[in-house]
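What follows is a set of structures for review.
Heads up, the next two complexes both have subunit A, just with different partners, subunit B and then subunit C.
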Partner chain A sequence: MEKLIIEGTKQSPYVDFNAETGKLELSGRSIPENSFEFYNPLLEWLGEYAKSPQSETVLKVYLEYFNTSSSKYILEVLKKLKEVLKSNGAQVKVDWCYDEDDEEMMETGEDYEDVTGLEFDYHEIEE
Partner chain B sequence: MAKRQRKENIYHKEKANLVRTKEFLESGEINQLDKSVDELKNLSDNYEELLDQTVLITRISDRLQKKLDKTNDKLQHLNDQLNDKNIELQNTIDDLVKAKAGRKATTIVFVFALVLFVFSEALIEPYIDSYANNIYLSLSIKAVIAMSIKPLEMLVEDSILKAARKSTMQARQEKENAEVST
Partner chain C sequence: MTSTEMAIVLQHRGAINGPIIAELLDDLDFKCINLDISDVKRRKIFNIAVEMFQNLYHYTRDLKINGYDETELRSIFLSLDILEDSYILITSNHIKNQDIDSLRKKIDFVNKLDVKEIRAFYKKILSNEEFSEKGGAGLGFIDMKKRSGSPLEYKIEKIDETISKYTLVVKVEK
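And now, the complex of A and B:
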């Protein structure tokens, strides 16, 4: 399965999904003009990945800011990851990173954890 | 319109689910128990998905609004501070310009007074000595020169300050015009 790499811009986040290592990354700002167009390839990729995932999948999320429609798709990304959990013995972890003074972003991670039931690790990043 | 369609596009999956459920309700399959149970389960899953989204988006939006409100307060505070600093800076600049103008005026008036003194000593004094021979007239002329120094200095300082302010205004106007054109 091919890697999914999308370079980040001022409006869209950097994406690096690697099926061989099971390491996935989503970082930067997410305020795309069309969230569906941006996130749909990610969801399709995860749909494929969920069919034969690595034994451990780690999604690193380090978002500085995201808009409401992105928050909907981030939830969908996490729910797709939950499908990975259903595969035999596969483990899924989310590394939720946030800037040291951005308490709101940490709380947002807690909301996602609450709704999805996935395992979250929180990392405060010093600026 | 295109932008609105794009925004609605993000709910295409939910819309498709709703259309499918409505089609099921209008079809004859609703009378088949097993299919109705399946559809109800689908509907329940979709509802759960939407509820999750609603809960999450509401929490995130509330938090974001709070953050924006706090940021707005901070910006307002910083703006007030900036305005105060700006006034202080403007006062300091005015004082500096005034001091500079004062020094310049003093120099000009000093040179002028010196010229007047030399002029009175070289030309007026001999004239008074030859024709009037009056020490009081000579002293009066010198006193007039001495007393005119301060008002003259103030006049010169005033005109230098006016010129400096005009030049500052022109520079500011040119800067604003340049910013507008860019």
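And now, the complex of A and C:
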């Protein structure tokens, strides 16, 4: 399966989804005016990946800012990861990273953990 | 009433889009850094401004009314007033009178919720799969109130039978 790499811009995040290692990353800013357009290819890729995932999948999310229209699609990304769990013995973890003192971003992670039931690890990144 | 110590004003004539919003946000952030606003408050201001711009974008992008100048109709304004004890974000734009009722309902509803309720409601809306007709997630006002911690204030002034001027005010305690 092809890697999915998208360079980050001032409006959209950097994406690096690697099916061979099971390491997925979403980082930067996510404030596109059309979130569907940006996130749909990610969801399609994940749908495909979920069919034969690695035994361990780790999604690193390190977003500086994201708008509420992205927040729904980030939830969709997490839901796709839940599909990965349906594979025999597959494990999924979310590494939720946020800048030092950014409590709001940490809380947002907790909300996602609560809504999805996925395993989250929190990492406060020193600036 | 505390007097304004300083104000940052961002204005754009004509329709805004993603790249213009990104530029205006960078401009705002840069000015906040220059004014030595703490990282925590600067992030809060930026996040609220992101939602305010998204709001402006959704209300103005398709605004087209016979007999009105489109550039004028779609122009937007955002300011950050720095007061002694707080930061005040203000946006203003035009809206159609027919959209006033639903707008009022949304803001008034969000304002009634306390901190705990707002987080619970945020999670509820986040996990329901419907998107509002404007393409937004219906989360904008909830997010602004959650981050601000103060009620959202707004003013709607009728210009004529078709359009009004809509001003939204969001406060961040220092």
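Definition applied: the second predicted complex is superposed on the first by the 127 of 127 C-alpha atoms of A that agree within 3 Å, B and C clash if a C-alpha of one lies under 4 Å from a C-alpha of the other, contacts with A are read in each partner's own complex, and residues count from 1 in each chain.
In the analysis below, contacts are C-beta pairs under 8 Å (C-beta built on N, C-alpha and C of every residue); 3 or more make two chains touch, one makes a residue touch a chain.
Please read all numbers here as calculations on a predicted model, not as lab measurements.
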Superpose on subunit A as described above, then tell me if subunit B and subunit C fit or clash. clash
Between subunit B (first) and subunit C (second), which, if any, makes contact with A:44: first, second, both or neither? neither
Taking the superposition on A as described, I'd like to know which of subunit B and subunit C A:56 touches: first, second, both or neither. neither
Touch check for A:68: first (subunit B), second (subunit C), both, or neither? both
Is A:2 touching the first partner subunit B, the second partner subunit C, both, or neither of them? neither
Look at A:124 in the shared chain and tell me whether it touches subunit B only, subunit C only, both, or neither; answer first, second, both or neither. neither
Which one hits more subunit A residues, subunit B or subunit C? C
With both complexes overlaid on chain A, does A:11 touch subunit B (first), subunit C (second), both or neither? second
Considering only the stretches 22-30, 40-48 or 58-66 of subunit B, report the one that runs into subunit C. 58-66
Where on subunit A do the contacts with subunit B and the contacts with subunit C coincide? 33-34, 68-69, 71-72, 75, 104, 107, 111, 115
What residues of subunit A sit close enough to touch subunit B in their complex? 33-36, 68-69, 71-73, 75, 79, 104, 107-108, 111-112, 115
Quick one: which bits of subunit B touch subunit A in the complex? Just the residue numbers, please. 6-7, 9-10, 12, 49, 52-53, 55-57, 59-61, 63-64, 66-67
Residues of subunit C touching subunit A in the complex: 17-19, 21-23, 25-26, 39-40, 43-44, 46-47, 50-51, 54, 57, 119, 122-123, 126-127, 129, 131, 135-137, 139-140, 142-143, 147
Subunit C touches which residues of subunit A in the complex? 9-11, 31-34, 65, 67-69, 71-72, 75, 99, 101-102, 104, 107, 111, 114-115, 127
